[in-house]
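Two complexes follow with chain A in common, the first pairing it with chain B and the second with chain C.
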Partner chain A sequence: MLKASAKADILKQIVDVVSTLVDEAKFNVDADGISLKAVDPAHVAMIELTLGKGAFENYEGEETELGIDIEKLKEILKLAHAGDSVRLEHNEDKNQLIIKIGAVTRRMSLVDTAGMSDPKVPNIELPTTMKLKAEELNYGIKASESVSDHIALVADETSFEMSSEGDSDSVDYKLPKEKLLQLEAKGKVRSLFPLDYFSNMAKAISSGSEVKLNLGNNYPVKLEFEIAGGNGHVRYLLAPRVES
Partner chain B sequence: MSDLPWAEKYRPIKLDEVIGNDRAKAALRQWARSWSKKGTPAQPGVILAGPPGVGKTTCAIAIAKEMSWDYIEMNASDRRTGKELRRIVLPGASTNTFSLDGNYFSLEEGKRHLIILDEADNIDSRDDIGGIAVVSELLKTTKQPVILIVNDLYELTRRSESIKKSCKVIRFDALMKDDIARVLHEIGDSEGVKISFDAVMIMIEMAGGDARAAINDMQSVALKGSITSADLKGMSKRNKTVDIREGVTRLFHSVDPKKSLSTIRLLEEDPGGLILWIDENMPSNSASIETLTAGFESLSQASRFIALGGRHSYYRLWSYANDMMALGAIIASGGYESGEQTKFPLILTKFRRRNAVVSVRRGLLEKISKYAHTSPRNVYNVMLPFLRNAFDSSEKFASAMTARLNLTNEELAALLDMPEDSAVVSRIYKSAFSPRQS
Partner chain C sequence: MRQLPVLRTVGTDDIFAGPDTPYAVSICVRCRGTKFLCGKRACPILVRYFADEKVKSLTEKSEMDGLSPPGIFIGRYGYPKVDIGPFISPFTEGVDIMDTPEKWVGKSLDEITQMRFSLVRGKHSVRVDGEERDRVYDIVQEIAMADRTPELEIKFSKAPRTSLGLSDSIQPFGRSGTIEKVRADTGRFNNRIEKAYNDSDLKASEAVLDLYRSSVLVSSIQRAFSAGVLGTGKRRKMVPTRWSITAVDDMLGKHLLSANRYNPVLEEFRIYTVNSLDNRWVVLMLPTSWRYELIEAWYPNTTWNPMGKQIAIFSSYEFFEGRKQYAEIGGCYYSARLAVNELMEREKFQAGVVILRESHPGYIMPIGVWNVREHVRLALTTPPHSFETLADSLAFAQQILDIPMTRWISNSGILKDYLHQRTLDSFS
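Let's look at the complex of A and B:
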């Protein structure tokens, strides 16, 4: 069961964060809020999202699963203006999500969740931790985009560096420790990632936010940030490229 | 769970549980083990070729489990445009991955990610433009194992030389009757369905070596808990088409004209097409010059019946043509089994290639003519040579124009007069339509 309403901006933010990786997703609803875990269709990245009921204007939920076509929901939310309230209600008999925006009532059929996986959070230890502004991350990505399809993330005790190497060009964007909000490292680590994934993930972080970034050596990267005014939490994991 | 199709419910998990095709299974296992060493083997891909319902997909998934690999499978029910393939298949081919249950699979630890493309021979039909180019790119760049599954190997390999080069081909045969019978009885026992011996034989006959078809048939009549041959009366013989290659091989191996005729009936090929196949393959299947001559005698009779039947719309003559073809094949082979692979008729290849080229070129000319406000003929006679020259001398110009004219991969290749999967074509195409450029 779900009966809730939330500001359109917050729902749009959630949809953006999820649609970066998957087209369809299973949302787990309970009394405390909504959560989601999913692996992208190429099996290269994962998302974990938790959304406390504080993210909603009002919220009533009992344990259930909602299979949602994210692209469809994205389209529906375009009907809403920035400050609008959006009401969500699960019709269990018809397996529909009823979405009310102003005078619009949109009934959206839900997707069967039977085929959708329930990933656990993989057991990964990432030795290097840092915090930085989303803008810094996106700036480094922008610098790499004209150079290569990959981006290397390198960190040691003194700095964090994003770099790309193309056939003829290369670029480095180096952030010394002072420019970061936090940096904890023991020794140097480096991993290479597909730039399009990393860039899409970083773009889903709203500007002004802080990002926590965990890194290892030829190991996945973890991006963590808050959404919905601190009432929601997102974790992205991205697998590294194999360097031959 | 009980409403699952039985063919799914009883799909074997382990490779050794899959019935039949022992040699194919061994070859698949050997290929998979070539991935156990570090790095990428010379043949990163394997093509599993064979008729439907014999366990190709089951084996592909089973080998992934046996090797403890993560896997993704894309089949014809997924959208498989070039764009979708690029999005879903390519990324994991060069990265480590996460399995659906949330485990991290790292190549450094030998944990690989298998990419399975089911019905790969259907990828490049009309709406899948560019799909084949992506598959060939996948095989060139992949660091992960790839399995392509096809019914018709030729449909796939005629489109791309490079796919064939980077793949090992493993053939699967139709299943033996005994094997299918065993499976039907096992499922019958588990489901508590009594099934008479005759009924099993009828279902197997209808399925023609396709285990999935036999199981589906059985499930569809099993509602009342027992199956006898009487229950099957209403079921028509499955319209199972024998692969033309397999059929022609059978015709040359046959010694019984009656059996040959029933083989011909199962082929979805009109006599005009079939005769080209027999013509192409008769020399390599004949026992001696004498039998070959006699065989071609029959074939020329068949040819006359076909022509007469067609000209006068008197198609009953075609059945005589079938008789003569069946006979011709038997006479020519004279009991000799060449073991040579049945070849595709050269004349059809030439026609097909020509038709494909003509239709792509027509599309290209139309697009340019609209853009340049002139006739397609004028484009062909006057503009095309210059345009090709301009494309050759500047890739930047080429990609900008490709985007502006919204050319397909094939049309771009035709304009440049280069193969569809050549590096230049894919580079220009990619840069024309990569979102970052726009």
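Let's look at the complex of A and C:
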């Protein structure tokens, strides 16, 4: 069961962070809020999202699963203006999500969740932790985009660097420790990632947000940030490329 | 109706090569079919010349009675005002397969060339949108819907001519002539196509799918699409044959893929293979989500590498989300993508698919993208070879193909990604 209202911007943000990886997703509903775990079709990237009931204007939920076509929901939310309130109600009999935006009532059929199991979250320890502004991350990505399809993330005790090497060109964007909000490292680590995935993830982070980034050596990268004014949390994992 | 942009002319089967290069002309002139200067195993100009010689007494006539397979051709030069017209054959037997590439698998290049030279193409210049709709326009549309071989009488302004040309890279096409008068007895229409024709609310893309689902041959669907007999009323127009082939392959492939991308992932590596017309085909399937690549290697002196000293390799690929730009390697990309999606639909799986094509010197001239669609289809009807690892699969492929696997890999976007991109599963 779900009966809740939330500001359109918050729901749009949810849709943005999820749609970078999957077209369809299973949302788990309970009394405390909504959560989701999903992996992209290629099993290269994963998202874990939690949204507490504090993110909503009002919230009533009981344990259930909602299979949602994310692209469809994205289109529906385009009907809402920034400050609009959006009402969500699960009609269990018809397996529909009823979405009310102003005078619009949109009934969206839900996707069968039978084939959508929760992905197994790999248990990984990453030695390097840092915090930086979403803008800095996106700036480094922008610098890499014309150079290569891959981006290397490198960190040691003194700095964090994003770099790309193409056939003939290369680029480095280096942030000294002072420019970061936090940096904890023991020795140098370096991992290479597919730029399209990394860029899509970073772009889904609202500007002004702080991002926590965990990095290892030829290991997945973890990106964590808050949404919905601190009432929600997103964790992305992205698998590396190996060079040989 | 969906319009393809003007197709890019990169080395593929679905385009004419550009104007003859002076070099190409000069070696043909010096050789005249006697010295094999171009390195091919047979002279494509002579193959066409002899094919024409055999039927010339019947096809070089300014007035012809005959049958249409049925077949039509919509040109693309001068678009939107182009040459349209039916194919007519002076023969009474075997005409029905002459414009149905699905039935050509197993035939030699000589046989295919002979068949194409047994057809004469009538030409009539008209706007594709039907604003100058006339008798020929109507007849072309009727022929495109015909169920049997329509009877035709054509009076040409001059006896039909060949365009043999001193070039070794154009498709085998027979004679053509400008239509002065034409009379047709089309006979019965294909009832599926007629039904779509009568439904002027049905979108062209939906009509294409409906016809495909009612087991109408892709070549017949493409002919109807090209003739402008499908689609919502006012938007109907003729589509140049070359564009329509790719448009239909693309539409059908995308449609099948929209369901296949939710199928379970294949749990093994597979190879399907076929060898035909001196082309060796290896269809490699990977146990991954949908991704697809067609890689073509042209030996020196083959169609798309006429003067090369080295093997030329071209490829196009897409990942799960598909691609937005027209494939660099052309229409063959979409033909083969349709064929592999047909298999994934039948067997209810999805996979990563990499097609390796080695084109050897016996493949002396291009014969159209149907060659790609039908041979990949043929390969996929054979029992697959299963493997547990990519290395084992590639070792098997190496027994079929001459080019070293390392070279295939370095030219493959999908294989390189597979070898370098880790998945999260490997960290669990």
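Structure notes:
Note that in this section the second predicted complex is superposed on the first by the 243 of 244 C-alpha atoms of A that agree within 3 Å, B and C clash if a C-alpha of one lies under 4 Å from a C-alpha of the other, contacts with A are read in each partner's own complex, and residues count from 1 in each chain.
By definition in this document, a residue touches a chain if its C-beta (ideal position, glycine included) is under 8 Å from a C-beta of that chain, and two chains touch if they have at least 3 such contacts.
Just so it is clear, the structure is predicted and the values come from calculations on it, not from any experiment.
With the C-alpha superposition on chain A as described, chain C and chain B clash in the combined arrangement.
Looking at the shared chain after the overlay, A:L51 reaches neither chain B nor chain C. Once the two complexes are laid over each other on the shared chain, residue contacts for A:K37 go to chain B alone; chain C is not touched. In the overlay built on the shared chain, the residue A:D118 is in contact with chain B alone; chain C does not reach it. Once chain A of one complex is fitted onto chain A of the other, the partner contacts of A:L132 are absent, as it touches neither chain B nor chain C.
By the touch criterion defined above, A:I99 reaches neither chain B nor chain C. Of the two partner chains placed by superposition, A:A6 touches none, neither chain B nor chain C.
Looking at the superposition, the partner that touches the larger set of chain A residues, chain B or chain C, turns out to be B.
When the shared chain is aligned, chain B and chain C each come close enough to touch A:A239. In the three-chain model built by superposing on chain A, chain B overlaps with chain C at stretch 331-339, while the rest of 133-141, 187-195 or 331-339 show no clash. Shared contact residues of chain A with chain B and chain C: 39, 41-46, 119-120, 122-124, 194, 219-220, 237, 239-242.
Contact residues on chain A toward chain C in their complex (touch as defined above): 39-46, 119-120, 122-124, 194, 219-220, 237, 239-243.
Against chain B, in their complex, chain A makes its touches with residues 37, 39, 41-46, 117-124, 145, 193-194, 197, 218-220, 237, 239-242, 244.
In the complex of the two chains, the chain B residues touching chain A come out as 39-40, 70, 72, 87-92, 94-108, 113, 143, 436.
Note for the complex: chain C touches chain A at residues 261, 288-291, 319-320, 420-428.
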